[in-house]
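The following pair of complexes shares a single chain, subunit A, combined with subunit B in the former and subunit C in the latter.
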Partner chain A sequence: MKRSVFLLLIAPGILLLTIFLFYPLVVTLAPTFSNNGPSLARYLAFFSDSYYLAVFFRTVWIAVVATLVCMILGVPTAYFISRRRRSKSFLMALSIFPLLTNPVVRAFAWINILGRNGVLNSLLLSWGWITTPLTLLYTDFSILIGTIYLFLPLMIVTLVGSMDTIEEEVTEAAESLGASRLVTFFKVVLPLSLPGIVVGSVLVFTGAITAYSTPNLLGGNKNMLLATLIYQRAMSLADWTSAGVIAFVMIVMTVVTVMVMQKVSRRLDRR
Partner chain B sequence: MSYAVLENIRVSYDGKTPVLTDLNLSIERGELVSLLGASGCGKTTTLRVVGGFIEPRAGRFTLNGVDMTRTAVHKRNFGLVFQSYALFPHLTVFENVAFGLKLRKIESASLKSRVMAMLDITDLGALANRYPRQLSGGQRQRVALARALVVEPQLLLLDEPLSNLDAKLRLSMRVEIKRLQKKLGITTIFVTHDQEECFSISDRVAIMDKGVIQQFDTPEAIYSHPANEFVARFVGFTNFFNLTASGTGRCLNNLGEEMVIDEIRNHTGGQTSWTGAIRPDDIVLTGTEVSGTNRLTGSVEVRTFLGKSYQYELETKLGRVVVNAPKDSIFEPGTLVCAHLPSDKIVLC
Partner chain C sequence: MRKSVGLTLIAVVVFLFLTVPLIIITATAFGEASTIRFPIQGFTLKWFTATFASRSFMSSLGLSFALASYATLLALLVGIPASYALSKTTFRTNPRLRAFFLSPTFVPGIVVGYALFQFLVIQWRMPVFAGLLLGHFLVSLPYVIRVVGASLEQFDFSIEEVAWSLGCNKPKAFLKVVLPNIGSGIVAAFMLSFINSFNNIPVSMFLTGPGVSTLPTTLMNYIEYSYDPSVSAISVVLMGVTVVLMVIVERTLGIGSLAK
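The block that comes next holds the complex of A and B.
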């Protein structure tokens, strides 16, 4: 393709990105690097403030645990789905279904389940397993549950796509060589799905870090995450510069995650 | 009792359309048996029943007298080579071949020597550390073979293992497979739809059509005495005509003319009608009309050049006849020719 044509074709995209992404980003982030002249003082302040640090580590912790749980739940489920013939599209539709409903609605569902007078507490009380209702809502636990529920479909869909590329004959060959189904899974299926697991994990991890409505509705004010913190700084306290600092920290986190995982994935995928 | 026996195997994927119907096959120890047939006739299905990937709806599969119909795949100890090779893409050539031995908890020194010995036999020694994607088609094929053979399987199952290779490689690989199979004495089932390949490599051939074995015999027997019209067509007979008996050892064609057929002596049962068949190569064409038995006059309809010979389609009173004739005498379309059907070349089926 001629260079001029090529430039012409990508021009609209570049223009849109510049106006609606790069420009606002620069305008928001520029003040965070200045304090009467260029400086990193605001970032140093962020990382020496114990409250900010607590929010930062809570965010990372929740993202890591959510990623691990999605991985552990998603891998077997995805393998099961990818080996179905007739029921495959139905099962796929079933796993994608939650993605089609609004995250806010889904968070409200969890409020109904986990609340003091919610479904779970009522059941446990009526079975006599507990005597006073458990505090489940507005804790790290409820954020975690909501986040896992939010992103598990993404993990499953990514993994099914990756596992579909494993030829059935390859697993059959393993079986014929004496590997039971379980051994075949660990020795053949799992190593071959590692790239998919990595991609799925990146999606879940970055999604969990940036999700806003779920931690907002299920975490409350006591259990801030970075995303809810940004909102609070910017909208409630009108402190746009602090919000910008947090936003940049989040951007760096996600970019670093993606880069590291890409490296890992290239290492693992020796095919 | 034969080594591997399939008895009345019945398979249907959807419960309605039968794929295999009462299939019977007995294979002797150390034999290489081929399943030959057109696409979709059930060759792979048969192999998958033997391999344990499909449970038949009825029937039994026994190996060495032991019923294995419901034995799990990983407990059968059969070697499998697929058309797609199905190598483990994340493992090196060495690791691919060692896969089965590792699962058998062979201690590492003897594992290594066994794998290396197998790699030497299959001429892969220098490639031990490569990944499958770094190999040519022929090399992959040999890895698949080595991986299946190294575990000393009770039965080797090959599903069109040569179909992805070019013509030259096919030839050398099939000699290679035969050599290894005889050397290791492994009973083998080989699936193919290439007749020449199948006849050259097999001790016995099962010709299949629509899930039924039409004939199971040595390549020579099938080639010269096809059991029925389907088999005859499969092994190159293109000309067929009806015959009816007229007294012992004699028969007449549709026109009421007597045909002399040597093979009729072997058909002394009460049979009164047959289908006669002859290959295009075996018919002799002459320009001048010669009268006598087994001669047919016809006009040349189509002539095609085959390289070594010409192929003619003749319109005769017995119908269309296809003849391959040498290049030294050429007949133009429209001319009348005389076709001689030698009595020793006509088979009855």
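The block that comes next holds the complex of A and C.
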């Protein structure tokens, strides 16, 4: 292919991304680095403000716990799916379906369950386990449940893709050589699906720190995460600089996570 | 393989966790009470008729549909030639160019929305729809680059060279030989990009203006102020559409094509 044709074919994409993604980002974020001259004062202020720090750590904490839970539940489930024959495509469809369902609908589902008059409270009340309804909604707990619910299917689907490449002969060999199923799982399946676990975890973690509708609907005003905070700062308070600082912090968190993943995957590949 | 009780138990619990909340939503859409109750009392379809009669829901549904279609179309028009150029050549800069095309993935949706809002809506005074369209295009492009790129990697380019040597000019060979061969990749990219644009909230949050609102943002604002089964009814409609799309994909490409 001639260089001129090549440039012609990639030019529209390059131009659109430059004009409508990178230029706006630079224009929007540049002011956060100046305070009568170049300075990091706004970032220092962000990280020394106790409210912002609380939101920052809540975001990270929820993302870390959600990632761990998705890993712990997702790995066995994905292994279960990847070893099915007849029911496999049905179970895959069952995992993909929530992924394609609107996140607002998925958060709404948990409002119905965790609310004061929700399904869970009515069940517990009718069984006599509690006497007054529990406050479950608009807490860190409800954000966490909603986030796990949002991303567990993504973890499962990613892991099934990676576990499908493990030949059944390998696990059969391990078992015929006397390894129990549990040992086979931990010594053979788990190490071989490590690359998939890394990719899945990064998808869940970056998704969790940037999700908007779930913390907005399940967290309420008191339990902000970075994504809801940026919207509140910009739209309700017209505090553009804080919004810009939060935006940059979120970009850095995402990019750093992905870069760490690429390092880890490369190391896994080399083994 | 022998069945393992522990593994089956975990899988059953996980699938219950994934499906029961959506089953509850579906049930509550048919309840007669004016707030959401489960188990439901009575049976009615009035929430569905109310939804279809609601102006704000129907107009935002139309907007979301148009937005997802145009954004996906634009992403395909821009993304397919770029993927083709990147897979036909081996320039040293190609990996970096590919990363550049995938870069919207690394920018959180809410930040994309915020930057476009500041830049297009406030500074350039662009119409709201243009801002939304560009935002959704940015989100869709990586899907096209990734999925179409993957199917171009599978394509045997010697077939295209045969067409050239038989006298077909290059644009025609691309349209008649290359495109049909990567058709399934294009359809999968279309589906993924359409569904993700249709469901997107973070990008749209900043970019929806007075009278211009996507279905997910309308739904979210509605939930924040009222709590009645019409939200369940819309959810059921949306889930129904998802099921139909999944059946179509399963019949044509296999459900695995959406798991990329």
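To be clear about the criterion, the second predicted complex is superposed on the first by the 265 of 271 C-alpha atoms of A that agree within 3 Å, B and C clash if a C-alpha of one lies under 4 Å from a C-alpha of the other, contacts with A are read in each partner's own complex, and residues count from 1 in each chain.
Methods note: a contact is a pair of C-beta atoms (placed from the backbone, for glycine too) under 8 Å apart; a residue touches a chain by one contact, two chains touch by 3 or more.
The structure displayed is predicted, hence computed values, not measured ones.
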Subunit B versus subunit C as contact partner of A:Asp49, first or second or both or neither: neither
Touched partner set for A:Asp239, first subunit B, second subunit C, both or neither: neither
Subunit B versus subunit C as contact partner of A:Leu177, first or second or both or neither: first
Touching partner for A:Leu192 - first (subunit B), second (subunit C), both, neither: first
Subunit A residues touched by each partner, larger count belonging to subunit B or subunit C: C
Sites on subunit B touched by subunit A in the complex: 51, 53, 72-80, 82, 84, 86-90, 99-100, 103-104, 131-133, 147-148, 151
Residues of subunit A touching subunit B in the complex: 167, 169-170, 172-180, 183, 187-188, 191-192, 270-271
In the complex, subunit A residues that touch subunit C: 1, 5-6, 9-10, 12-14, 16-17, 20-25, 27-29, 73-74, 76-77, 79-81, 83, 89, 91-98, 100-106, 108-113, 117, 119, 122, 149, 152-153, 156-158, 160-161, 168, 171, 181-182, 185, 209-213, 216-217, 227, 230-231, 234-235, 240, 243, 247, 250-251, 254-255, 258
Complex interface listing, subunit C residues touching subunit A: 1-2, 4, 6-8, 10-11, 13-15, 17-19, 21-22, 24-25, 28, 35-38, 77-79, 81-82, 84-86, 88-89, 91, 97, 100-101, 103-104, 106-112, 114-120, 123, 134, 137-138, 141, 195, 198-199, 201-202, 205-206, 216, 219-220, 223-224, 227, 231-232, 235, 238-239, 242-243, 245-246, 250, 254-256, 258-259
